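To keep things simple, chains are lettered A, B, C, D, E and F as they appear, and every chain counts its residues starting from 1.
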Amino acid sequence: MTAPILQLVEYPDASPEVREVYDDIMKTRGTDWINNFWKILAHDPATLKRTWRDVKEVMAPGALDPLTKELIYIAVSATNGCEYCTYSHTAGARAKGMTDAQLMEVMAVIGMANETNRLANGLRPPVDRQFMPEQPSS
Amino acid sequence: MTAPILQLVEYPDASPEVREVYDDIMKTRGTDWINNFWKILAHDPATLKRTWRDVKEVMAPGALDPLTKELIYIAVSATNGCEYCTYSHTAGARAKGMTDAQLMEVMAVIGMANETNRLANGLRPPVDRQFMPEQPSS
Amino acid sequence: MTAPILQLVEYPDASPEVREVYDDIMKTRGTDWINNFWKILAHDPATLKRTWRDVKEVMAPGALDPLTKELIYIAVSATNGCEYCTYSHTAGARAKGMTDAQLMEVMAVIGMANETNRLANGLRPPVDRQFMPEQPSS
Amino acid sequence: MTAPILQLVEYPDASPEVREVYDDIMKTRGTDWINNFWKILAHDPATLKRTWRDVKEVMAPGALDPLTKELIYIAVSATNGCEYCTYSHTAGARAKGMTDAQLMEVMAVIGMANETNRLANGLRPPVDRQFMPEQPSS
Amino acid sequence: MTAPILQLVEYPDASPEVREVYDDIMKTRGTDWINNFWKILAHDPATLKRTWRDVKEVMAPGALDPLTKELIYIAVSATNGCEYCTYSHTAGARAKGMTDAQLMEVMAVIGMANETNRLANGLRPPVDRQFMPEQPSS
Amino acid sequence: MTAPILQLVEYPDASPEVREVYDDIMKTRGTDWINNFWKILAHDPATLKRTWRDVKEVMAPGALDPLTKELIYIAVSATNGCEYCTYSHTAGARAKGMTDAQLMEVMAVIGMANETNRLANGLRPPVDRQFMPEQPSS
């Protein structure tokens, strides 16, 4: 079992600046604990604040619903092989209602896309004119 | 401009076995043309058939709707940097109703996930016990 | 030690549909056990069947022998950093006769390719005309 | 069309140190031209020499034959999406006798491996005890 | 030549909100033009603003100097194979004083790291106790 | 806990050829132990020698200082998700003087670069003429 690269900053040891972010994370999520990702980012309060602010903004409901956004997060994390993010965002998707059947379908699409991405990378078909967005006439 | 690794197999030059797949692609999609990805896979009819059958099965409506599946395909393709697949599945998502606002939100989530994947990869927080699926007692 | 995202579906708990695939895996491989990859795919029998059918078809002897195919599998898995697949396909290659010397040479080639891929990605030499496949005159 | 990041160092403009490497590349390969990859590395003679020496050593016949090594190179290059390397090593494999049928089978294996890598990354099956190499008793 | 996925938003066509970001980019960089990356993000002013604010904050002088940060950006971009980012950040590094010799050395390190990453991924040495950060006693 | 793919070659069991490399590693680094990466490469003395020689050459002071090179190594390793290399090169960077503040800033840049790489990959802005290196007139 490997140790984290930097010690986890627990709430009682955190500076007021870090606690403020921790409090907002718990309030936004309706939980009473902070996951380890943030406890390690806390070594740089500027990065902690920026990353949390961005996650909060990007994952909020908008043109896409929050569950769809979590599924996309899972797709990226599995493609990159990020263990921590796979666990945290699979848990996040479940908390937003993802069923086992949906999880398995996301996996099937991720697998398929990774397969055809490499068939295209290796055989180099030219992009079809029909797939090209129309450009303004100059 | 680079040339494809193998020549495109156009419909008039295709074997009956390949034409059968081409016909099914056009029928399933309601189009009258075949995109270059399939024209290059046609050099190996077994791979052409298997890949098309899989794509057709995986991308069909199920526990997830077809647009959500296309968004996941875009997320994987942008993460892997596959130019062909980015164009073809962005076009596919548009054909299924994706708006510009949805495209931009998918991009924001993809970017965010790729960012936090690396923060986790580089700082190695342990996976929180709360994110672990419960295991059956043995 | 992290737990799998979904529980493993053991043979006694499997549906007849899943057992049929498990039986074919063991028969095809001449083994009396199922590895965990399939036990987790079993949550979606359609994905289990499709993936096994594809693996069986793709990894069968053809224009390339089965050992060469396992070496290619190892190359992809090490490049992507997939821990599970690295172990399973290294074991698979050994079962097909791979020696330690061959394993070490595969590694040397994988390392070299990953190195020169990035020198090319970073310095962007144009693809030489001589490497371009000849295209049909139109 | 993008330009290379640094100008290509053509033979007549090359230093004696660089020409020596160029001469060895042409002699080893039995060709009368240098491909662009080396012409751009030539900006740093130390890197040019080291990389060529390594490629020459790693790609020489050993426990694996040169064609198998080129197929592995293609697998890595397609997985990473390196355009230049995909063209150069596909050409290299053809020069060593690769048939279209072999190319298409390599692609099928690459695609499959990229697919199952992500199913394993996303579902996190534990590595089976049977796949673990035996360790010496301490 | 492929077209961008969305049209570029030129200054005269931009909303006041977008122009404000464009103005700040030009002012911060001391230039009189906007590069295409921002012109395409402009389709979603929220993402444009967030991304620019983050880039400005992260790339500012801090514990590391701006040139070192650009070199790291090049390393990531070449590793991921991002063409656009490779060109833009190589230009950025040159503007901050990077010499050809430094560029070639960055490339050598990037290549080496990508090579040894895969040797480690494929052979799976356990992380040495000596590399593990000390943990607090509980 | 997974086992290494091949047993570690400890000093007392090593051949004279391997011991020579081990001795040079310890002498160069001023340490009295060998890390596991080399102990596993030792199964192929040619690869062990070549890789150590290359690392020694590439990581030596040159146009860039050794700490900057370690930071670039960390950036590549975190981007690729290589656990072993992340630990070993973070330890290496600390040994060369990296502070916690510098580590956190490297992480911020790595995260940012991985994010914008995918925004560019997904939206495909054309490379700006201004970023293109000038080419010699022919």
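The rule is short, and it goes like this: a contact is a pair of C-beta atoms (placed from the backbone, for glycine too) under 8 Å apart; a residue touches a chain by one contact, two chains touch by 3 or more.
These figures come from a predicted structure and were not determined experimentally.
The chains in contact with chain B as well as with chain E are A, C, D, F. In a homomeric contact, the two copies may use the same or different surfaces; for chain A and chain E, over half of the interface residue numbers are shared, pointing to the same surface. Between the Cα centres of chain A and chain B there is a gap of 19 Å. Averaging Cα coordinates per chain places chain C and chain F 26 Å apart.
Within chain F, contacts with two or more other chains are made by residues 1-6, 50-51, 54, 58, 77, 79-83, 86-87, 90, 101, 104-108, 110-112, 114-119, 121-124, 127, 132. Chain-to-chain contact here is organised exhaustively, every possible pair of chains being in touch.
Interface residues of chain B, counted against chain E in their complex, comprise 1, 81, 83, 86-87, 90, 100-101, 103-105, 107-108, 111.
By the touch rule above, chain D contacts chain E in their complex via residues 1-2, 5-6, 43-44, 47, 50-51, 80-82.
On chain A, the positions that touch chain E within their shared complex are 2-7, 46, 50, 54, 57-58, 127, 132-136.
Across the complex, chain F is touched by residues 74, 77-79, 81, 83, 86-87, 90, 106-107, 110-112, 114-119, 121-124 of chain B.
Put simply, chain A touches chain B in their complex at residues 1-6, 8, 33, 35-37, 39-41, 51, 54-55, 58-59, 62-64, 68-69, 71-73, 75-77, 79-80, 82-85, 87-91, 99, 101-102, 104-106, 108-110, 112-128, 130-132.
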